[in-house]
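Presented below is the structure to which this report refers.
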Amino acid sequence: MTVSANNNSESSGQQKKSETPPPVQNLPSNTVMIRALGGIATIAGVIIVFVFQFTQPYIAENKRRAIEKAIYQVVPGAVNRTSYLLNEQALMLETEFNESESSGSSTVSQVSTETIYAAFDASGKLVGIAMEAAAQGYQDVIRILYGYSPECECITGISILKSTETPGLGDKIGTDLKFLANFIALDAKLNQEKTALLNPIETVKHGRKTADWQIDSISGATVSSNAIGKMLRESTKKMLPLLIKHLHKIIKS
Amino acid sequence: MTTNTSAAHSEVKLKSQPDSMDTFLRGIWQDNPVFVMLLGMCPVLAVTNSVVNALAMGIASLFVLFCSNTLVALLRNFIPKQVRIASYIVIIATFVTVVDYVIQAISLDLYNALGAFIQLIVVNCIILGRAEAFASKNKVGAAMLDALGMGIGFTLALLCLGGVREILGNGTFLGISLFGENFQAWSVMILPPGGFFVLGAWLLLFNWLKERKDMKALSPDLQLAETKN
Amino acid sequence: MLSFFEKTFPHGVHPPTHKSKTQAKPVRRLPFAPELVLPLSQHFGKASTSLVHAGQEVVRGEPLAKADGFMSVPLHAPATGTVDRIELMRTARGPKTEAIVLKVHPGAAQEVLYDLPQEISKMTQEELVDAVQETGMVGLGGASFPTHVKMRVPEEHQVDTVLVNGCECEPYLTTDHRVMLEQPDDLLAGIRIAMRTVGAKKAVIGVEDNKLDAVKEIRAVLPQDDSISIQTVPTKYPQGAEKMLTKAILNREVPSGGFPSAIGVSVFNVATLAELGRLLPHSRGLIERVVTVTGPGVKKPGNYLVALGTPIRFVMEYAGFNGGAGQLILGGPMMGQTAASLDVPITKGIGGILVMTEEDASKRPHTVHPCIKCSSCVKACPIQLNPSYLGMLAHKREYTVMADKFNLFDCFECGSCSFVCPSGIPLVQYFRIAKAVLKN
Amino acid sequence: MATDSMMFVFLNACIINNFVLSSFLGICPFLGVSGKLSTAWNMGLATTFVMFVSSLCAYGINLLLIEFQLEFLRLICYIAVIASAVQLVEMTLKKFSPVLFRALGIFLPLITTNCAILGLALFQTFREYNFLQSVAYSLGAGAGFTLALILMAGLRERLQLSDVPNVSQGAAMSLMLAGLLSLSFMGFAGLGN
Amino acid sequence: METVEVRTSPHVHGAPSVATIMRNVVYALLPICIFATYQFGLSAVALIIVTTLACIFTESFFNRISGTSDSLGDFSAVITGVLLALTLPPGFPLWMAAVAGFIAIALGKKLFGGLGFNVFNPALVGRAFVQAAFPVAITTWTPSLTAARFTEFIPSTLTFPFAVPAAVDQWNAQVAVDAFSGATPLALSKFENIPTDTFLLLFGTTAGSAGETSALLILLCGLYLIFRNMLDWRIPAAVLLGAFLTEEAFHLFDSARFPDPWFMLFSGGLMLGAMFMASDMVGSPVTPVGVWIFGLLIGFLTIIIRLFGGLNEGIMYAILLGNAASPLIDAATQPRVYGVTEAKIFGKKVD
């Protein structure tokens, strides 16, 4: 008895609520839908933010460690590093840049800017600069980090950041010791005016290296070897004259 | 009398046990998402060039599948029919983002090796498919079992591919050299065509086994039919 | 390469012609067989209805059966004799059909008695069509299509040219060749009748360039006014097909599924017109025809004038076997049918009997390889179909696709594709089956 | 060829690192819709179109996310944007080009779960392509997808007329064919040096 | 005479059978094999024998397990084997050659149901597979016409199965006649900008794959088949024309960077590929227009890959891509049927 009465009162109450019949059907279900989606979005948001907050320090640490590992590999003797931004107009610390960016007084963001890493030894002496370079390889773009020593005016090492070269052939650019030996002291001297390289870096056929600025390519992996030579040639051509211009700033700091 | 009841008892037991076991095992063998249902092929082919990648991908997918299946089953009465797909996608995307960050926190190398395919778990049809076909209609426990079964089935399939590709393509298993220095690696196995070939070869093998089984199963049937006639 | 300069059609094949054995042999009359079998259906269309009964005596040239409607032709007695019986008899086409069996009177003079000259120049087109039907004439080239039906041009069409087909592209056959050589005047008369009947002002005789002696013979009797001319075309199979000839000589294409009259052309075979030119002025009926009996299995190959209804066995006994079990082909080797039995009679459509030895038969491919897509058939098909793809479709029984997308019904089964197929695929047979399945 | 030129970006996505055959994106529709040539062609067109639209959307969304430092919501936003883009494309087509809608209609919902679309958005973000490069990339990816799809469809149509052994019929055959296509496309590797 | 055979027309047959054609292709390849032997000695002989045997064994193995009839009689497996050997470097390890032979037949042919149903050229499938699997070994070239070629193998030939082949650098330097011995003309041209005399290319005393070096000999062997009407002349002609025109365009644009077209025609595997592999009937279109498109496409792609790709040779990939495209080409170029006015593209009616 009571149950049926209850039912009656409920249905009659619903009918009273609104006069127009069609929205009656939709209105509650719309609310339900929005409530459901909203609820799920809230749960999702909470989970993501929580995980993001939790993992962020680890991720940052991983990234830092990865880049430092690469820097110390390409600049022998380095134990410390500072990130700079370099472009045609200026050289500034990355931290400075971030501040100027947030304050709105940015000067560098208009032109293409490269991140470079100054590497210091235990005594705080500048031992080299690490820079990124990239070029199209056999399969896809190869990205490397290379170290440059202002002292010997040479490249002191390379480290492959990203490559999808053919396993067992092109990917030797990161593992072949004979090939990597090319970069222990690869000549990158600038000319008198400090505007361009005295001898542009070039890749030669396997076993034909005669000069210090030449790279002896891997037998059978000519394209990948050429890509490394090409990216170094182009990067040094562009970056070294700029770097030399601003080098005193790094040394001073 | 006693034997009768015990028999009945065991029968009940047998009946109830396979139900949950069945849910679990189905994903691993009978309805294997990769070999049988041919779902989620993109990660299967893309990241199986080494066992580690395959394993990581499998576990990541398993995690997302498990979490989203559980949550969907929990919320199944709460989500209206009209917006269920949207809700599922949001839920899945959430857990994928979680996995993405966790893997980045664990190992950057692994993260780089898997590339965008971690994030592409979102559009892996297995996950949305299980949410829609199973989790939305079943209780939480069953949904979890289903997710585990499917996830493990998926991981096993990935390992089947990753194993063959790494062993042949690199001479190693989990990075451990198997044949010594002098082994000539078949780099095609690690390259894209190798992915297609190895999966194709597994399917060929299963086809062949099935064909043989069918042939064997056919002969007694034929005998039966003959005796009946 | 030469097709740029010569009047011909694209593609086609060059089977060895084997015509030298018989082409120089004049037509000789074969004696009458003791019993003639005359099927009531020797033509395309409805069977004729018998006018005689068993035991009735008939005179050579007398009508034995009358046409049953427009798509039918009458049948005349090839010899003086007695109707023995009318019953189902085996024919070259396979199934048994009703036939009049005639016992020939051994000693009769065998003169044609039904002879009634008529004034053709005074007849209207309608009357001419009827007169042609009365002769019982059908296409002697092999199709056996009633000639008068062809001559009645549909009202919406206007025929300007009569094409006379003297190509005889089938290997071995030389009947048309002999007819052109021996009956040029009859041919001219026939052409004039055809021109009048269809209302054309022009006629062109197309002859392959391996029959230049016939060309010379005909040229000598051609009228001065250029209304009838002769044109040589390169020897190539299937030059003698209606569609190919119109393409070669007039560069017009018969529309798919349509008649030549749609493009203003009527095509007739030389033997048909020559026979018409001989018979129609005297309102006689078709009672005999020239048949080439040849092939490696024949001792006395030649061109014989054979009374219709003569059993093949009788012809063969006269021409002589070389012995050995071989193959008997009625018509040419490209499109002719094999005879199931030696007891079938010569009918209006049989222009040749070809006897192959066992050795020849075994030369053909016996294993069928899968299609290797060599494109020989595509290069051969005169209709420019894609027999390779059609063959693959037929193999998978995709008959509807064959017809809808790949123009199966434009194929006239000339056999060029099977002839050149290195895999030995019986393409034409596939297509016949496909057509038959689709028609049902 | 400069690696950041539009031409190179286009060719890279289309043939050098073909989306399907080399990057393994969009395998499910590639295997599923390549049975018939006409269907494959329509699917390719529809996908290219959606790729183009969603690439533009993703580019815009990414700028917004960076502006508000909400990169961690990228995945959710992308998937939402793609789903709505597909919906939008569907509605626009229905309204303005019913003919095209009839041709592409049934494929559009399928495209939402095509990982090539999300993959495109993610890759273009990772590679930090600018606007024009993104356009070239999306068109290249679409062209590459279409190319792979119609080549596959052509081969499969031909194989339907062949006596393929029972064992190698079905998905196994499709995968082997894809592998052989992928092997052939390796010839383009290193293009542009 | 009483037992007459009933058959449907046509009753005559005027073409050589598949087996005859294939046998003649083998004959045409023999001079090339002999020249390869003269040039590279024992290693070339071993290579040809191993690939051919591998192909034959694979063919009969699959025939047995699938229960199909014996298909060795059509000689197609032999052709695949011989062609495969001719496209491999002369010092290619024999075990890898056997793998290539197995893959060629298994993956390239038997998977699809055997001769006539394969969509790619089997020999090239085998070669492309080993090119991807063993990229170092397949790009290791040795000089031709060494003094001891009839008495000793090239060191890499007899590599133990599944082992890394021995390096031939030192051996190369030892037997080298001049500074460039061992580098193929195409590699010299592409990576070092050193042209090779066209005369040498024609007679084939250069380094390269076992059977691709003498353009003239290949041309003659191909002409034999063409005159016997067992090879469709249009395909080689179209491939060579496509390659020539493409290269000529680039050469006119920048003659310092791009070598002249005659060099491209006679170097590398272009001639062998055009004559014997692009013209493989099974993988090529059948329509008259399609055949030309197919050939021109292959020629064009070959040059593009040679000039701009990572490899210095592109004919193999160009042919495989052509094979892949040939169903499409066929579908797009169905000839207009006699008496049918509307054209059909992809089987659809177009107004």
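Order as written gives the chain letters A, B, C, D and E; numbering starts at 1 within each chain.
Keep this in mind: a contact is a pair of C-beta atoms (placed from the backbone, for glycine too) under 8 Å apart; a residue touches a chain by one contact, two chains touch by 3 or more.
Only a predicted model underlies this, so the values are computations on that prediction, with no experimental measurement involved.
Chemist: Shared touching chains for chain A and chain D?
Modeler: A chain counts here if it touches both chain A and chain D, which gives B, E.
Chemist: Between A-E and A-B, which chain pair is linked by more C-beta pairs in contact?
Modeler: Higher contact count goes to A-B.
Chemist: Taking each chain's centre as the mean of its CA atoms, which one is farthest from the centre of chain A?
Modeler: C
Chemist: If you take the mean of the Cα atoms for each chain, which one ends up farthest from chain E?
Modeler: Relative to chain E, the chain whose C-alpha centre sits farthest away is C.
Chemist: Determine the centre-to-centre distance between chain A and chain C, using the mean Cα coordinates as centres, and give it in whole Å.
Modeler: Result: the chain centres lie 84 Å from each other.
Chemist: Could you grab the centroid distance between chain C and chain D? Build each centroid from C-alpha atoms only and quote it in angstrom.
Modeler: That pair's centroid distance is 60 Å.
Chemist: Determine the centre-to-centre distance between chain B and chain E, using the mean Cα coordinates as centres, and give it in whole Å.
Modeler: 42
Chemist: Taking each chain's centre as the mean position of its Cα atoms, how many Å separate chain D from chain E?
Modeler: 33
Chemist: Using the touch definition from the top, which residues of chain C touch two or more other chains?
Modeler: Answer for chain C, listing residues that touch two or more other chains: 370, 389.
Chemist: Which chain D residues sit where two or more other chains touch them?
Modeler: Residues 1, 72, 76, 162-163, 167-168, 173, 176, 180, 183, 186, 189-190, 192-193 of chain D touch two or more partner chains.
Chemist: Could you pull out the residues of chain B that touch at least 2 other chains?
Modeler: 86, 90, 93-94, 97, 101, 187-188, 191, 193-194, 197 - these are the residues of chain B that touch more than one other chain.
Chemist: Under the stated touch criterion, can you name all the chain pairs that qualify?
Modeler: A-B, A-D, A-E, B-D, B-E, C-D, C-E, D-E
Chemist: Can you list the chain D residues touching chain C in their complex?
Modeler: So the residues of chain D in touch with chain C come to 160-163.
Chemist: Where on chain C is chain D touching in the complex?
Modeler: Per the touch definition, chain C meets chain D at residues 370, 389, 392-393, 395-396, 398.
Chemist: Which part of chain B faces chain D closely enough to touch in the complex?
Modeler: 38-39, 41-43, 45-46, 86, 89-90, 93-94, 96-97, 100-101, 116, 119-120, 122-125, 128, 188, 191-197, 199-200, 203-204, 207-208, 211
Chemist: So in the complex, which bits of chain A are touching chain D?
Modeler: 44, 48-49, 52, 134-141, 166, 223, 226-227
Chemist: State the interface residues of chain C toward chain E in the complex, per the touch definition above.
Modeler: 13-16, 171, 243, 247, 253-258, 297, 316, 321, 323-329, 333-342, 354, 356, 361, 363-365, 369-376, 378-379, 382-386, 388-389, 405-407, 410, 413, 415-416, 418-424, 426, 428-429, 432
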